[in-house]
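Before I ask anything, let me first share the structure, which is written out below as structure tokens.
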Amino acid sequence: MTTNHILTVENLTARFQTPDGEVAAVNNVNFHLDPGETLGVVGESGSGKTQLFMSIMGLLAKNGTSSGSVRYKDSEILNLPARELNKIRGVSMSMIFQDPMTSLNPYLKISKQMTEVLVEHRGMSEAEALKRAIAMLDRVGIPGAAQRVHMYPHEFSGGMRQRVMIAMALLCDPEVLIADEPTTALDVTVQAQILDLLRDLQKDFNTATVMITHDLGVVAGLCDRVMVMYGGRVVETGSVRDIYYDSHHPYTEGLLKSMPRIDHANEESLFAIPGQPPNLQNLPTGCAYQERCGYVMDRCCAERPVLKVFDQGRASACFREDGQ
Amino acid sequence: MMNKSEKTAILEAAGAPAEIEGRSLWRDARIRLFRNKAAVGSMIILGIITLLAIFAPLLSPYAYDQIDWGYIQEGPNWENGHIFGTDGNGRDLFIRVLYGARVSLAVGLLATSVSLAIGVTYGAVAGYFGGKVDNIMMRFVDVLYSLPFMFFVIMLMVVFGRNIFLIFVALGAVEWLTMARIVRGQTLSLRRREFIEAAHATGVSNFKIIFRHIIPNVLGPVIVYMTLTIPQVILTESFLSFLGLGVQEPLTSWGVLISEGAKVIEASTWMLIFPALFLALTLFCFNFIGDGLRDALDPKDR
Amino acid sequence: MLSYAIRRLLIAIPTLFIVITVAFFMMRIAPGGPFDQERALPPEIEKNIKAAYDLDKPLIEQYAIYIGKLFQGDFGPSIKIRDFSVAELIMAGAPASMQLGLSAIAIALIFGVGFGTYAALRQNSAVDFAVMGVAMIGIAIPNFVMAPLLSLVFGLYLSILPTAGWGDGEIQYKILPIIALALPQIAYIARLTRGSMVEVLHSNYIRTARAKGLRETLVVNRHAIKGALLPVVSYLGPATAAVMTGSVVIESIFGVPGIGTYFIKAALNRDYPLVMGVVIVYAVMIIMLNFLVDMVYGLLDPKLKSR
């Protein structure tokens, strides 16, 4: 059966063995990604958003195991041996990470770190690969690319390093780009530049992009659809407009309310969702959000709400869907 | 439908904690340490060796310098009480090994204490004052660090004779450098913490701050390093004694016994094996405990 | 790189002077040494010493002369071994010691890094614990215990190697001493490499390398090794110092005619000039080696290379 989704994830669970017991950082997640679209994955630290994609890319830590199904186009890729997975990683699916300072190898020149992708995956010669690398560095806005390419990472600024990472990820023209909080570690002005760059590239290369972030502002400018995660599970999905103007899940509402807004400058205090993110090793029975939810009912503490579709492309994991 | 605060009250009344309790650093470290089987085993073994060393005279019918004319350089024999055999002079090896333990452990602890005292003070002062003071003090440490200390200690022994007190001081003086570096690093990062600034603001003298606030807080790595220094010192003392430059008669140490044993290794293997075993075991144990402490205080995915 | 080199030099030079000055003053304080008024040495030696040390001149001048002589390689006469100067004795022992020392370091590097990497790639497996356990033994058992044991096992029980001696310098006489010297360093370097490699393998840039779909061999051999080996390069300085120290004992046990053997004899005989001479030579070698290692490290670490 062929599908037009480029990535289909079903029942993905990622468990970690810790000295204090087993923790499910990602719990029964289902979603899909279509070619050329940008999906925003929003959540706090600990929501499982990063581990979800580490799992998909086969980059989980040694004490982690994944179960479920991940299909890239039509082939199952979850838990493939590294040898097989390496035909996809860096070629059809690329990932860039949060901290450009530590994500590049400080002991190798940028040229090497870039050409090796092309040499390894496309069989190019060093010289050809270097030309492509310089062209790509140019494309992402590195001035003097032909000279800069022979430098070491510590000779670049944070924003430039992130551009290098993006260039490196796009060298083989992948169909999927996963960006894990690419701007969190950068200055605000640089953030805006990087996001502009990503939007630009997305249009040119038509790469399906996943934007993992905790910042709803980032999502607004870039994404077509949004997936909100809490406590390792998906709690709401929808288009960007729907999430912003018609959010259903109380957590999404909370996130929206806590975004500081210039037009609300006269308000007394900033809103913050009360309480703490849940301790995944000690989840309460019922809904993980119960202790912080303004709409909590008895049912929420007894039974866990499942993600229910209530409209075309819209789903929410909240018992209020039943009531309303 | 009840509101949230009523919910919480009921939950608390039912005994469910309103929030997760935090665990202190030391308690966490202690739990991790005791989970480490190698470290716990080592502590037990070291405890046994220490007890043997302390109660040595009670454990053998022979004195450590007593010659048994009827049993010279003979192997282990449970019947006449020479459970480790005797040495070339007919002295019981078991009691000599235990007396050797006394010397080795004493030297280890005392010399390490010397290095501790010097190193911690030096490092804390350098780290606390920072700037030029720190720079000069650390340059001095750098210079001393590149010297081959063993040779200097040997030189000291040659020049001034084999005085056990001198051995303590010499060995301690050799090991303080790394301690100073560690403490200085810790102090530098502590210095910027708020409670130090608060103490400063309320007019506590620098001296008092160093001793009352900084030093107690650098204890973690210091303890780890101490447990790793003791075996180094014991090893160095054994090395010196082996060469004939360590403790003098009538005192004996494992190094001396090993040296005597090495000379007659084919004929009387027991003379080498027993002191060597005790030495190796002790060094092992200290290393395991040190490793365990280091992991307990700063766990990484080993 | 240049500023880094200069800074290391600025540390090396004062160190050298401290060593020489300490040696100078030690000599003069030593009871029973050539400068002790109560000395009772044979007249020929007395004459040599007077000539060598210019005892009638002021202290500062003696110091200057001493340093001058050192630079010319003149360490004065040995007071216990007649007719030989310290320099001659050291030169006689140097070849044997050099051979043993350099071989030991080379072996330690090859096997240490090899075992360490092997263990790191199989972290927390039985192999890892086994290798690290054996390494622990190598560190905890002193070389003066290991050496006689090796001699016993290979020389006596298995009779495949000579228990001691040097013969004419044939290779079978060298094997046991070199192994005995190398073992603690193999252990240390293995543990160091394993720890460092494990840390590097958990770093973010290795995660990036894997995310790029590179095969594991490339990830380890191109990306991980460089960062992991830097601490090992740093350790080469102390490693050489340890081998030199160890050689003192190993040479005695195996009867190797090297500098170490002369050193022990001199220490036990209170032959101060010889002791002093050996200490200075060793100290100078270690200081130079440390400087060299620092330079190599500076060339390998890109952050230092460009400064």
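Here the chain labels run A, B and C in written order, and each chain numbers its own residues starting at 1.
Rule of thumb we're sticking to: contacts are C-beta pairs under 8 Å (C-beta built on N, C-alpha and C of every residue); 3 or more make two chains touch, one makes a residue touch a chain.
Not measured: the values here are computed from a predicted model.
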Chain nearest the overall C-alpha centroid of the shown protein atoms: B
Per Cα centroids, the chain farthest from subunit A: C
Rounded Å distance between subunit A and subunit C, as computed from the means of their C-alpha atoms: 53
Centre-of-Cα separation between subunit B and subunit A, whole angstrom: 49
Averaged-CA centre spacing for the pair subunit C and subunit B, given as whole angstrom: 24
Overlap residues in subunit B, where contacts from two or more other chains coincide: 301
Subunit A, residues touching no fewer than two other chains: 62
Multi-partner residues of subunit C (at least 2 other chains): 123-124
Residue ranges of subunit A touching subunit C (in the complex, touch as defined): 57-59, 62, 82-83, 85-91, 94-95, 97, 99, 102-108, 112, 116-117, 120-121, 152, 154-155, 165, 168
Subunit B residues touching subunit C - in the complex, by the definition given at the top: 139, 142-144, 146-148, 150-152, 154-161, 231, 235, 238-239, 242-245, 255, 258-259, 261-262, 265-266, 269, 272, 276, 279-280, 283-284, 287-288, 300-302
Contacting residues of subunit C [partner subunit B, same complex]: 11-12, 14-15, 18-19, 22-23, 26, 29-31, 33, 123-124, 136-137, 139-142, 144-145, 147-149, 151-152, 156, 198-199, 202, 237, 241, 244-245, 248-249, 252-253, 263-264, 267-268, 270, 272, 275-276, 278-279, 282-283, 286-287, 290
Complex contact set, residues of subunit C against subunit A: 123-124, 203-205, 207-216, 218, 222-223, 226-227, 300-303, 306
